[in-house]
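Got a structure for you, written out below as structure tokens; questions coming shortly.
Note that the chains are named A, B, C and D in the order they appear, and that numbering of residues resets to 1 at the start of each chain.
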Amino acid sequence: MNSIFLLLNLLPILFLYQFGGALHVSLPLTSEFTLSLIQTPLGTFFAYLSLISFLLVTIAQKSKKLACNYYVLQFLLSMAMLAIVLAGDFITFFIGWEIMTWSSYFLISKSNSIDIKSLQKYILFSLASAFSLIAGIVIAYSFAHSFDFSVISNSFKDMPFNIKVALIVLFSLSFFTKAGVIGLHYWVVDTYSKAPNLFSSILSAVMSKMGIYGLFLVYGNIVGYQELKMMFGTILNGTDFGYVLAWIGVATSIIATFKAITQDEVKRLLAYSSIAQLGYIIAVIGFGTTYGVAGAMYHTLIHTIIKLLLFINVAAIVAQTGKNRFSQLGGLIYRTPVSFVMLLIGIIGLAGMPPLGGFASKFMMYNAAIDTKFALILIGMLFSGAASFLYCYKLVYGIYLGHPTSKNLETTKEVPISYLIPQIILALLLVLAGTFPGAFIKIINPILVEFSLSTIPYSGLGVMNSAVGSFNGFFIMSAFVVFFVLILLLITRIKSKAKNNLNRFDISYCGEVPTQDTSLHFGFGFGTDLYRIKFVNAILKRSSSSFYESLATQTKKTSELFSRMYYGNIHNTMIIILLFFSTLFFIGVN
Amino acid sequence: MLDFFNNTQTIHMIIIIGSMALFFIGFYGIATQKNLVKVLVSFDIMESALFLFFIGLHYQVGLVAPIVDKNLKTFTSMVDPVPQAMILTTIVIGLAVLALGLSFGIEYYKLTGRNDISKMNELRD
Amino acid sequence: MIFQIILLIMLAYVVGFIYFGLYRNITARIQGRYGPTVYQSFYDSIKLFSKNNTVSYGWMFYLGPVIMATGAVLTLVLVPVFSDSDFLRSVTSQGNLFVLLYLMVLGPLGNALAVGTGGNPFGVMGVVRGLTRLIGLELPFYIAVVGLIIAANSSDIVHIIDVQKTAGLNIINHPLLFIGAMISMVGFFGASPFDIPGAPQEVYSGPRTEFSGKFLALLMSQGSLFAFAKLVLIVDLFLGGADSLVMLVLKTFTIFVAIIFIGIVYGRYKVEQAVDFLMKLPTLIAVLGLARIVWFG
Amino acid sequence: MSLGYYFLLPVLFSFLTPYFKKLGSFTLRGSSILLSLVLFLQTVAYVGVKLPQISQFSIKPPLGIAFILDGYSLLFLLIFTFSALVVSFYMYWFFEENSGRDEARFYVFFNMLIAGSIGMILSCDIFNLYIFFEITGICSYTLSAFNKDKLGLESGIKYLIIGSIASIFIVFAIMLIYLQIGTVNLGLIAQRFHLIDPKISVLIVLMLFIGFGAKAELFPMNFWAPDIYQGSISSVNGLFSSVVAKAYLFVFFHLFYLFNLGSKYMLFVMVIGAITFLVSEFTALNQTNVKRLFAYSTLGQLGILFMALSTNSSQTVSGALFHLTSHSISKLLIFLALGILIHKFKSAKIDILGNFKSGFLTIVLAIGFLSILGIPPFSGFVGKILILKGFALSQNYTAIAFILLVSIVEAIYFFRLTAMMLDKKRAKVTVKVGSVNYIILTLLAVLIILFGVYPSLLTHYTDLATNALLHPTNYLNYALGVGL
């Protein structure tokens, strides 16, 4: 079963490759709707991103005994995403969007740990997103009289200003919900953490990117960055619009980072981290400059790689140990060394350290902020980046380092090879992205042309150019490797005896001797004391849940109020009908 | 005096007043009565008022019933037959509904011992 | 180039250790003690290289210090040491200020991994304290750096140095940024009041608890390299760099002494106090400096 | 073939039912299937024929009575006969499972219900329309009381009382019309309606509105509707939802556009529809009985349809008719599938949806839910987007926002049910679906998907229907007997 769907997932990639940018299909649905697929550089980028992610996840699913319908739904989901990114009109886009919504809903429901409340959260937010989208679509239609992207884009300039704003707000809300902007992220964490473990990787790595794709589509293609600038005016070297969006993104990033640090469940941490990383992308996506777009695009790519890697890694560990909390894991480094290295590469990328790809994308975004002189935005991003080191370390420490928390962790075997293959591929990609950041310039330039922005100069595979400085990824990577090897050689040459691999109970423990069931996994829960810092406390104690809970309560109360009318007294019903008639009669006659 | 009553206008006025009165008696009945049988009777009263109203307004002094016999040679001096046909049909329907309602009522009374429509509220959530 | 790199490492090694010795010496004098000789740390490191290490926790424990040292060396070679010479210019032009900012964290990550492998509670405590402190500590420094980059419109350090030649030193042009950066530097050098991770009295040197022998020696050596690199960076950014060895030593020493004197008179903050403090006054100062550049620059 | 057969055949079969019963239950059930099949095939035979078609009985209209089939009624005829076919197949299974029920009684009224509903949509004479209205009414009272228990009888009585009120209003309206214009022919009424004194005309319109609105389950007059659904068996629920309510709705808008009331009463009907939609969807959230729940859902969808059909714009009306068709199919599917579950669990509590185990039922129910919510690629989506598009073209953004917002409320309970079906933690009882049901449910699900992915199949007919509804010139000519 797995192999069949592996091949099936490979087909669209080959298909896309075969067309090589010339795909243009249109299929009349009714006299009014036409489904059309057009391959733009932007769409192609996201198409490859999602298809390859699906392929890798399918490889990882080899070792799981999954039913046929699971694979079918997953394939449907990948096709829906393909429809989204290749859509040439809003109807195709919306159909893809909704199929994505429900097929992912059914996939999430296949998890063992899911409950109705989380499922409801997921689907209601997704539908709210979709309805906001469709509202925007039909409003655009009412002016353009077409669903076609190019037609709407052409007639956008002639719309009244309030309609333009309404359209931008509606579309943004829809895509923000999918990407999990703070305030609209209420569904994200529960869903990511309770979905099937491998599917969480799709949710975080690919599905949230559909929101990003939508934002690119609307800001870059439908509205156009030039038009945004004309509509809202400029501040410093960027647009007002971009500035507001940047603050939304930075707030998302900072808040989610601190929330991530305090989590105990591994996947919840990753979910918050995902929100935070998408916050960066949203922060720079509205700049409307070459480097803003490039930074957002590059970070999209890098975040996809990293989150796939991390979620697959965690899924493998959860499958292998049956534990999903930091307080239940620990000390797996020498039991599952390959997984450890993969996770390590993942978190180095996530923290954005050189020489891996994570740095290159962050560099691009920071440069975009300097380019537009949005200094505080940049500070916010740097600050959230610094705080993200905490959860990165928590991730690697809580799972792999320290001491095992239970007996059976000590006998854990390395995870199955099917989990490792995609991780190794992704880790290699991450290393390559850091070593040859210049390659990305080649990918991004056609997209920049599509958005009618200036392109980035290309000077070699290893060099990442930007407006305010450049760096040579290849040099840094090789210098790192060379120094590392040299120092390693140096240190191994120095002979010194060491007592290897101490017993884990061989530590000082306040003068007491730890017993077999004493947990020696210290510090896995760090970050929970951050509330003592006033600023962080202000973030942590606030939650959007109270708002949504009260909304739910209000809805329920309204429902009870209305249902009190339907209490089945036919006599009163008759009287109401007669009264209604009389009232209308008097109103009508007068 | 009789002439006064033999006037179409007067007859119509009396019929309108009478049928309206009857109608509102029925109206009052369905608004206040909770006994199923009384409600059904009220409906019937309302319907009867309508029939009376309709037939009555189509009667004009000097016209004969629309029955073809040897006295009736032309179609000019007879009452419009359509309302009568309609009312006949409606009466039949009303009767059917009344019978059905009563049969439901009886069955319901047999099962529960109640015929108060405002207490028929077992169908609820 | 390779020769120059070796030269630079040796220079940094020596200067770094001497500064560290001076630091211990000056601290002792202020506290009314004699203290060790200036060269004591240097001797210590040489000695430790030949000692047995008492414990090991496997390969990650082994690699951690190596990663840390790699990070320090890489940082060192990417910072332009001399302003007007071509010394290692081909190397430093491969990176920029952002690369340095992030490289400075790579080393501590390696260390944290090794410490985590050991699982010693004091070690982990130290790492966690360090990471928590980082939330606040980096902030004024980041703001200062961002301000300078925006002022020079380049993240290339050489360019920032060059700008200072015509427009005057950054310490004079942007004093608020300098104050902010210096407060962060106090923490980067592990001086009071921000010496939280390795607080000797509380957490037994924190991250270094379990290290001994050649690992401790490696950690100490990279510490001195790293300290030198950071000093040079500050000199480059605010004091217009140094065109000769004498000027370099002079300028770095001035900065170093300033940091010691700031640090010596304060007691240690708790970690949350430190972050709270850093997020208020120093950040405010730096933001004011930044605002001046962005809006009135 | 004369249109009269639509009425004659069901009546004939109804009267023959006691004879069929003597021949055995198979003949009885088969006869109903045969009847529905014949009616359906007859309707299919009209597809592609030049419309409108007229069948006059003895005297030429406008004096005589006649049946007229135009595009608008053809669409409804297709829905009705198809629903009847599906339900008659379903009842075959139902009586197989529940032997000993009074089958003959069901089939008599079932056949007559079809006759009445079809009569209502074909009749071009308002008094005839009233008679069919009453026939439909009496049959639905009896069918809702098919379970001769307390609940069934209660629902029958309630339905009867409401029906009586509605019929009094309609009779009154017809009488007023006759008094004013002196005719019952729809064509003539339409021609002369503007001649009526405005005050009387308001009264007539109001009475028709109350009469048909109460039956079509509009807001302040629909407090009885959920009770009726709860008290009757689920196949009858399906019929009520997809045939009976739609027939009243048909008449409502047929008269609405024939009498050209659009300009004057559009906003009023739209607001009433919107309130119906809002109140029903919110009320549905709070239900624990599936039948009541889907009754509210039906009310809500009728609310949307009233909103959209009253707009007088061909785009929106066409969308609404598409939505109506898709809703009929989906609701039929849902009620029939629920019938299987209710039969299995002997309960209509909402929990039964969480406690059954059957992949097939889960899939078809999910398809039904998604379709009603208007999610692609199912047929409900096309209807909803066409409606929204229509509103957008008339720049009625309030309606768009309203429909979308309330749809989220609708989604809450639909997805709660879906989540219950998918919830693995509940105790599950395997439910076997018989082959008959398997076929009809698959057929309905396939139709939902088919209309969703290839809407042109249906848009052709909805466009025809819209044209016939909004521009009834041809209809009027035929009704007036011009050129016959």
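Quick note on the criterion: contacts are C-beta pairs under 8 Å (C-beta built on N, C-alpha and C of every residue); 3 or more make two chains touch, one makes a residue touch a chain.
From a predicted model like this one, the values you see are computed outputs, not experimental measurements.
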| item | value |
| --- | --- |
| Shared chain contacts [chain C and chain D, defined touch] | A |
| Chain separated most widely from chain A, comparing mean CA positions | B |
| Rounded Å distance between chain A and chain C, as computed from the means of their C-alpha atoms | 35 |
| Distance from chain B to chain A - Cα centre to Cα centre, in angstrom | 71 |
| CA centroid of chain B to CA centroid of chain C, Å | 102 |
| Geometric centre distance via CA averages, chain D-chain B, whole Å | 30 |
| Set of chain D residues in contact with two or more other chains | 157-158, 161, 165, 226-227, 286-287 |
| Multi-partner residues of chain A (each touching 2 or more other chains) | 563, 566-570, 572, 574, 578 |
| Per-residue multi-chain contacts in chain C, two or more chains | none |
| Sites on chain A touched by chain D in the complex | 28-33, 91, 94-95, 98-99, 101-102, 105-106, 109-110, 112, 115-116, 119-120, 123-124, 127-128, 131-132, 134-135, 138-139, 141-142, 145, 555-556, 558-560, 562-563, 565-570, 572-574, 576-578, 580-581, 584-585, 588-589 |
| Contact set on chain B toward chain D in their complex | 30, 36, 39-40, 43, 46-47, 50, 53-54, 57, 80, 82-83, 86, 89-90, 93, 96-97, 100-101, 104-105, 107-108, 111-112, 117, 120, 122-125 |
| Complex contacts: residues of chain D adjacent to chain A | 157-158, 161-162, 165, 169, 199, 202-203, 205-207, 209-210, 214, 220-221, 223-224, 226-227, 279, 282-287, 366, 370, 373, 375-377, 381-382, 385-386, 388-389, 391-393, 395, 397, 400-401, 404-405, 407-409, 411-412, 415-416, 418-420, 422-424, 454-456, 459, 463 |
| Touching residues on chain C, where the partner in the complex is chain A | 49-58, 60, 62-63, 65-67, 69-70, 73-74, 77, 91, 94-99, 101-103, 105-106, 109, 112-113, 116-117, 119-121, 124-125, 127-128, 131-132, 134-136, 138-139, 142-143, 146-147, 149-150, 153-156, 159, 213-215, 218, 272, 275-276, 279, 287, 290, 293-294 |
| Touching residues on chain A, where the partner in the complex is chain B | 563, 566-572, 574-575, 578 |
